[in-house]
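Both complexes shown next keep subunit A, but they swap its partner, so subunit B is in the first and subunit C is in the second.
Moving on, here comes the complex of A and B:
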């Protein structure tokens, strides 16, 4: 079935072909429809599933967009390069890191204290309970991803980029997102495509651990 | 211990005749990581084994696993008795993946799950491995281990796993990586600082743990490094040299007057 489609539509990617043939089968044969649908969903595994529900309705469009707070002001694990507007001298960690509740309270002890969502932060701060943010970008355990070399490489190849633009390469325009969601597949093909375009290493052991 | 006659009967000549003609160490601009193990300094204390076990998220080897001969240690201390009681002497030899230049394991993998990387490391890509075990059978040093079970740790040891190393699942082959996560981390740091990696800056867990510095790690492409210097020692030898695997690990012979005399007597 896939082969006949491939002959007819040679310019479609294998994934598109799977989706199309899957849809065809669903429309055609009702009995095996659930099975085919599962196969199609399986083949599409790892793709974007929409923004997860967070414990507090934190709005990046307000903070990063309207207020114009730099990414690395809150995500302090981001390494400092020349492009970073606020050179905080953060320690370089593999992850960009989620800010601590204390960091929210820098501003929210005085800003928008009446908002019900900010009240939740205050409650977490006063009771010492961590906020259980739901992770949006998660790579598999066998991937050794470190932000540092990627940010440095992008800063070198795009000297005019701001930090937000560097981050947007993989994370999308977070400054316009009310709820943050994953915009790129961030699977191996996605990583390798970018590595090929930028003459980055393609040795397995560079990413796989 | 094998006598001189036994050694002569081994089909080493046949193996040597089928050696690959490729240069096992092609010239590269990068690193060629290697190790020197001084048998004279090794006391068989097993510190390297423990360090490796905890660094690389290896499950505990319970008694049954050892009895079943399924115990898994990426580095093991081989013990040889020399002489007869009461003049018996214990000899120790740490054996880990030799990261061979002509690796027999690499050519037999049907899915390229193991390959030689530009830094001269024999790399195992776990999520590519389909568990044929061809590599483990081809390895003359028996340093590749198959996961017959999901790894398990008694609580609270399951909370001390190293986040830089994958927990390998059941059904794949794993082995010493020369602590590639440490190599990568050091290279990243050096790159960030805009300098080359210094000699001795990269230390795999076993090397770091060795109390007598019997294990030395470094770049064999750097002629000034300590490993390069030691690997040209008069005492240097490699394991199963006639097989032509061109290992990245060089051993240094034990310095022991009685040992030397014994060798001469038996005409080795």
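Moving on, here comes the complex of A and C:
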């Protein structure tokens, strides 16, 4: 349930949280208890709460780090960028997309078949059951986020970046994470800050369509 | 409030309210989960749209649509660009297709009757069991009967396989039959197919009751044509003659009320003026007039002599004739209640005859013959006229006819035929009845076995446009989504049944897709077929101009002396009003009323939604002592119905007009127990010569029920009873 609140409520930085909580404590009184409750919950949305527990202990450090598999090999909805401003690979989806079970089985029909976690994937494959992953990054419904223009823009402004480096701008160094967690607030202030820095549009309708 | 201080109570209440707000606003838990595909579907990327062209099989005329699908779900419907029938446009029925597709009250699985017939009590069974039952009953049946709606193309070929083997009969039930217009086109022009009425290029259109912008034949095509017809600098002139104002009437330059049943006399009056004043400027009117009886016979219909019958003043008739003939090319069309009279065929013939009189046949802006359908994809099977349904019903009830097994697909004759036909009782005499459709209806509820049919967006098929838009058009239908129900297509069920019953002469195809591909192969040839097939599916079909048009007959096959007086059911003293039913622009004759968007679509003239209303002239309403929103009983010699009054000055004083389409017992939660079914109250009279139902030839009387119930309308009009309620929708700007 708390996960759901976090996704919905305005997010605050830890500093803002301390200031507002302090003010609430000073003013005190039960009459503003619900307000404080909302603020605290809101703040929790912005604070980094650690990686959620996933149904399968998928290790990005092994796949993206040690094995060096490119992000877009599994997340096929994102455009492929090859160290230039030219983004290749169409079509692209608004979402980066979670790989299908079939895609895991490309390799795991022969690789690490004895691993208990891989056997969970095999079971899902054999029974035709989709895996229910827990979302790590979720923007509210009133935000229309599309990966494509962001990746293209970063490729243009940072021609030396690899795709993994572009992804890391918002998602952190996933290649070193055993369990993926959110590293940036990804709230409105965060989006706007980055848009300002990169002279990207700040009109309301750019994101709120 | 003992023990709890006021401040403390308020604090607690506020905290609870805050907590409740937070809980109410929280996103559902499932949104923090994300499922991965097991298999990656080909071409599918999450969130990316795909558009597929398919046929809007439920549309009148035969439209092709493109459907936007995202993640395997149909989201939006648009017209297929370039498809000659609907020219990239759709209408409200096409747009609302997704609401029928995903309607939660669709039939989802085969059902076997548990209760008595008509009770609507069923148990769910599986397809293997249903097919076993079907095979068993049809295997032992001597004379199976298959009843479908208007059908063309491969479905007909598939059905023919079954009928040829089983020696069965095929009856075509049309909710609004076109038999009268087809017969009139044959008599006047010698055409066996419906011709192309070239509204786009006409200079003047004279329409006798044909609501071509709303419901007549191919309204999407004609609406686009109307746009071109009205373009400056030509700006065509539209004259509408009818007994109840339609959407087309509301757009006309001149709207003329004619006494119901006398449209033919008025048409001949107009012809007489054209001849007498030589309005065509030459003698082109002479030969056709001579062929139907000569100028002397026509003179008996001079405006002065017909004024009393038609209710149209002689000067008005002359003005109409001058406007009509003075804007060449002039086009006369007929439809609606004008043809639904006992003398409807004569009315239609007299109206279409005007085209020959002004020479507007064959050329642009006139009545143009259509090419014949290709042999590989048969044209629409002719509808079974009302007279035959009556005869079938009588035969079954008196025991002179028996039906061992009957298959009803996508039709509802129990709903659409007048109650006096007793078709519901006749159905009870059939030994075994199978009903197939997307929703339960009055006919399916009386079946022993109900089969869920796929929605048009879920099945393979093809069709021949009827009327063709001045060229041969074959449209293709492909599934754009996988069915979320356990439904099957009619073609596939027929193929399964045929191969099961007749293993020695199985059909040459195993699935409907094979059959459609086979027809396409015959149409476009073997060479490069794979590419051609993709092209057919991408563009929505194939169309060819020119070749093989029907030849026009030398002269019309009719005589002025044949024009009969209309006969009405009901005594004029007891039943003082004409009952004029009319088709609902949104859901036609009730075939699509299960769809909530269509239910909520306002009638274009009255803005009424969701119910049945009775349009009365304010003078008539005052005489009856009723006002808008009052409930009235409308009695006919054969029944009665309840409706709410809508006063409209454009309704003639001797008419009560009632929309067709509501009053269902079975269907979806959106159309059951809503309004009344006017078709049930009609007298069982046929149009002489065509055998169609004369649904405009019943008289009625209106009596107040003493109740008052606000009509759900979009327009804001003060309720005359001033009951203080706010109107349901308020227009706040403009």
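The working rule: the second predicted complex is superposed on the first by the 156 of 209 C-alpha atoms of A that agree within 3 Å, B and C clash if a C-alpha of one lies under 4 Å from a C-alpha of the other, contacts with A are read in each partner's own complex, and residues count from 1 in each chain.
Going forward, a residue touches a chain if its C-beta (ideal position, glycine included) is under 8 Å from a C-beta of that chain, and two chains touch if they have at least 3 such contacts.
What you see is a predicted model; the values in this text were computed from it and never measured.
Colleague: Quick check for you: in the superposed arrangement, does A:76 touch first (subunit B), second (subunit C), both or neither?
Modeller: second
Colleague: Hey, is it subunit B or subunit C that touches more of subunit A?
Modeller: It is C that touches the greater number of subunit A residues.
Colleague: On the A-aligned overlay, A:149 touches which partner chain: subunit B = first, subunit C = second, or both, or neither?
Modeller: first
Colleague: Taking the superposition as given, does A:172 touch the first partner, subunit B, the second, subunit C, both, or neither?
Modeller: neither
Colleague: Identify the partner contact of A:204: answer first if only subunit B is touched, second if only subunit C is, both if each is, neither if none is.
Modeller: Touch partner of A:204: subunit B, not subunit C.
Colleague: Which partner does A:100 contact after superposing on A: first (subunit B), second (subunit C), both, neither?
Modeller: After superposing on A, A:100 lies in contact with subunit C but is clear of subunit B.
Colleague: By the touch definition at the top of the document, which applies to A:131: first (subunit B), second (subunit C), both, or neither?
Modeller: Only subunit C is touched by A:131; subunit B is not.
Colleague: What is the shared patch of subunit A, the residues that subunit B and subunit C both contact?
Modeller: 92, 141
Colleague: Okay, in this complex, where on subunit A does subunit C touch?
Modeller: 1, 3-5, 7-8, 29-31, 33-35, 37-38, 41, 76-77, 91-95, 97-103, 124-125, 128-135, 138, 141
Colleague: Quick one: in the complex, what on subunit A touches subunit B?
Modeller: Its residues touching subunit B are 79, 92, 140-142, 144, 146, 148-149, 152, 203-206, 208-209.
Colleague: Enumerate the contact residues on subunit B facing subunit A in the complex.
Modeller: Interface residues on the subunit B side: 115, 117-119, 121, 123, 125-128, 164-167, 180-181, 184, 188, 191-192.
Colleague: Which part of subunit C faces subunit A closely enough to touch in the complex?
Modeller: On the subunit C side, the touching residues are 7-8, 10-12, 14-15, 17-19, 21-22, 25-29, 31-40, 45-48.
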